[in-house]
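In what follows, a structure is listed as structure tokens, so that the remarks can point back to it.
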Amino acid sequence: MSDFTNELVQHIINGVSLGSIYALIALGYTMVYGILQLINFAHSEVYMVGAFTAFYTARYMGLADKPGFLTLITLIVAAMVVCSIIGVSIERFAYRPLRRAPKLNILITAIGVSLLLQYSGQIIFGADPKVFPNVLDDQTLATLGTAELRLFDVTILGVAVFFMAVLTYMINYTKTGKAMRAVSTNWTVASLMGINVNRIISMTFIIGSSLAGVAAVLIGMKYPKIDPLMGMIIGMKAFVAAVVGGIGSLGGAVLGGLLIGFAEEMVKGYISSTYADAFTFAMLILVLIFRPAGLLGKPSQEKV
Amino acid sequence: MANKNMTSTKIAKGEVVLDAKNVTMQFGGLKAVDNFNLQLRAGELIGLIGPNGAGKTTVFNVLTGVYKPTAGTVHLAGVDTRPLKPFKISHLGISRTFQNIRLFKELTVLDNVVIAAAQHAEHTLLDAVLRTPHHYREEERLRQKALDLLQIFNLEGKANDEAGSLPYGEQRKLEIIRALATDPTVLFLDEPAAGMNHKETEGLMETIAKIRRDFNLTVVLIEHDMKLVMGICERILVLDHGVTISQGLPDAIRKDPKVIAAYLGADVEGGH
Amino acid sequence: MTNDPNKTGHNPVPEVGTKPSAKPAPKRFAMSFVAPVGAFIALAIVGQLLEASTNQYVQLVLLFMCANIIFATSLNLVNGFTGQFSIGHAGFMALGAYTSAYLSTAVVQNPSFFDFIWFAIAGGLVAAAAGYVVGLPSLRLRGDYLAIVTLGFGEIIRVILLNTPAIGGARGLFGIPRPKEVVLGDFVFTNFYMNYLLAIFWVILTLVVLWRMVHSVHGRKFLSVREDEIAAQSMGINTTQVKVRVFVISSFFAGIAGAVFAHAAQGLTPATFGFTKSVDAIIMVVLGGMGSLTGSVMAAAVVTLLPEFVLRPLTDITGIDLRMVLYSLALILFMILRPSGILGTRELPDLWRKNGK
């Protein structure tokens, strides 16, 4: 095999692995947007809190030096629980009072909550980066030339696919999922049909936030450096993924996540790593200009 | 009145000012307007009536460029308006009011009118920044023009009130004044009497007739209640489910069994 | 009598352009110079007092305050008056700052006082050009979509600065000069004072231009876009043109703000112009009131001075940097409790007039 092919295969593996993490976070953005038409700027900070939750859980449960799947699962569960609580509280105390307010006000509040968490995070956790515990012993599962398929990447993909499958089942086959879809289609009608809109919105935040928690542990495992501002860039990318895929569409979020992760790896590999972030935004801008509803979203027209 | 547009698009009485041919507007699977035809002659006052959901407002939105028709053509004084944005269509001499009142609510009554008159401003933003003598003259002229227009409905005393604070009926009147401030040749009024009692409505209809004479306008009026328009409209179109089911003189419309059926049907639905 | 809106007893604040006046237009044109020139002279005198009574640190903060006033009011034109929502304003500031700084270090040796004015204008033009490139495609988008695109552009500009060696890349650009001191006989105008004159010149110019714009028929079009875009279009307003125009003007002044900032700070790094800087501007606009220029001026003053003179001592005592925590809390609480900010869409003179009645 040529060096070129080896390199390409490696980039594809990395891209899928990174992309599936973006997809998990993007799902949270897209779900909240689907129901509240709000860019939940604080979502990336919920993710950050997830990473720190896992960090401190590992430390206080003595799991930091016990890598293995049990540790991984424990940390994921812990992060999911804490992220859900944070997510629901944000909705309850910051967004709910503004539900009837102009969109702009809620957006500004979301930015405010995001900053509040970032900077309180710096006070509580300290501004310096921390080293994420060794969750799993990485190993090479297969090689193709110089390209390696590693346990981390397989685990990340496996966990992500598992949670996406659970989510798909919930949305399509459970009562809560159906209610969510109803609320995102038409809020007023849904409430007239006896759906408790507040409960459904809370559920949306719980699900979206817990997926962010999962993503945080997976990222911590692969790139073991965490700090209170870690959510900013990755949050933006995940949001871009949600928009590229078509905000409001779950399939779109997954597709967008994979696309962004893949594109980022390619730019890093073949163009320049410093321009990778700029490239992501360039992609967002192009999509918004030429296909504002995203790849899988439906265009809408304002009623006059 | 100084008016660039009126001189360019001014047409002798009786000539066709607006010609809509086979206009169809489809939203997904729903045909809101189906094969709509209208030839509007200068100076006419036409009523567009029909039960709720008949597609009257959609017709307005297509003719004023807010929606692009799925099929068919619209010509305004010979110009194809389909590729034009609404603001261009306004410059060609079409103006309108909105059924669901779309005033600039947080701005003053006077501002609402002045903004609409601004397309005829002869000074620029640079004049405003430099506060040139030209700026002061033009601002004063537009302001005076707006105040004059406000007198039509005796709103000049409320010139500096917030538009959103006016009572409902006055907001509708302000919408008409705002539409007039663009110096239109064709004026579309979308349920101008909604929410008014019988007496207010009669007064409004008289004023509309007077405006048409004074400003040399062609007027298209949407009205839900057909009795109201019978008195002032020369010609009436009846829409039902997007289809033009009847058109002609008020007397003929009144007796048309299809119209009676459409309204009867609507009334029956409304009664339950 | 009823023709005079000032006598009706409703809202006594005439909103359109200027008050009806018996004075002839040419005279009013001449009079329109009085306030700005007067303000400049008054502030120049105040500057002499400040120069004598404050230390270098306070003086630096005052210059930053001038930059922030321009930065905040220019953003208000987009976010407050026109109802669009940009959260990448720092990118345009960065372009102005770097352009002016680059001209004053690498291009012109020993620049004179008036050279600095051209540097800033060049900075403003570069920012305005970028604003045009950004605005033209993205202003078709609404609300939060526009927000995220401007955020993206802000980041792209930062990444480009980071990767341009000619302006220092990640290390930054240092040794940016201030206007030199001027000696007139026994009297010495220090370089702080000359820089201060430059800063207040730009502050007054910005405020005058923005104020006159929004208080004119053309400026009212900006507001109509905020109030109801569809109605504005139907009234013959080319809303896309209005939005792009506003965005370009706003970017120009953000560039000017950058130039003022650059020569005050005398050193720049791309990190200075991150998302946090854009957020600073949003905080100032929101707290002061979206659609109130004087509100933005007050908020810019508070947001600049408070952290330096109140929070910094507090931080020294507690060891905790509370600045951003308090700002973000303020942002949330204002949105929930008083979303219109301190002044709403009113201006300071409106309040006086109201009280005068």
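Read from first to last, the chains carry the letters A, B and C; within each, the first residue is number 1.
Keep this in mind: a contact is a pair of C-beta atoms (placed from the backbone, for glycine too) under 8 Å apart; a residue touches a chain by one contact, two chains touch by 3 or more.
On a predicted model such as this, the values are computed, not experimentally measured, just so you know.
Student: Find the most central chain, measuring centrality by the gap between its CA centroid and the centroid of all protein CA atoms shown.
Tutor: Of all chains shown, the one whose C-alpha centre lies nearest the global C-alpha mean is C.
Student: Name the chain whose C-alpha centroid is farthest from the C-alpha centroid of subunit A.
Tutor: B
Student: Among the chains in this structure, which pair is joined by the largest number of C-beta pairs in contact?
Tutor: By contact count, the leading interface is B-C.
Student: Approximately how many whole Å separate the CA-defined centres of subunit B and subunit C?
Tutor: Going by mean C-alpha positions, subunit B sits 41 Å from subunit C.
Student: Taking each chain's centre as the mean of its CA atoms, how far is subunit A from subunit B in angstrom?
Tutor: It comes to 49 Å between the two C-alpha centres.
Student: Determine the centre-to-centre distance between subunit A and subunit C, using the mean Cα coordinates as centres, and give it in whole Å.
Tutor: 35
Student: Which residues of subunit C are in contact with two or more other chains?
Tutor: 230
Student: Which subunit A residues touch at least two other chains?
Tutor: Within subunit A, residues 304 contact more than one other chain.
Student: Please list all residues of subunit B that touch 2 or more other chains.
Tutor: 66, 98
Student: In the complex of these two chains, what residues of subunit C are touching subunit A?
Tutor: 83, 85, 87, 137-138, 140-141, 143-145, 147-149, 151-153, 155-156, 159-160, 162-163, 230, 275, 279, 282, 286, 320-321, 324-325, 327-332, 335-336, 339
Student: So in the complex, which bits of subunit B are touching subunit C?
Tutor: Listed in rising order, the residues are 64, 66, 85-87, 90-91, 95-96, 98, 102-108, 110-111, 114-119, 121, 123-125, 128-129, 131-140, 142-143, 146-147, 156-162, 178-179, 181-182.
Student: Where on subunit C does subunit B make contact in their complex?
Tutor: On the subunit C side, the touching residues are 2-3, 5, 8, 10-18, 20-21, 24-26, 28-29, 32, 209, 212-213, 216-221, 223-224, 227-228, 230-239, 245, 345.
Student: Okay, in this complex, where on subunit A does subunit C touch?
Tutor: Interface residues on subunit A, with respect to subunit C: 37-39, 94, 97-98, 101-109, 111-116, 118-120, 122-123, 232, 236, 239-240, 243, 272, 274-275, 277-278, 281-282, 284-285, 288-289, 292, 302, 304.
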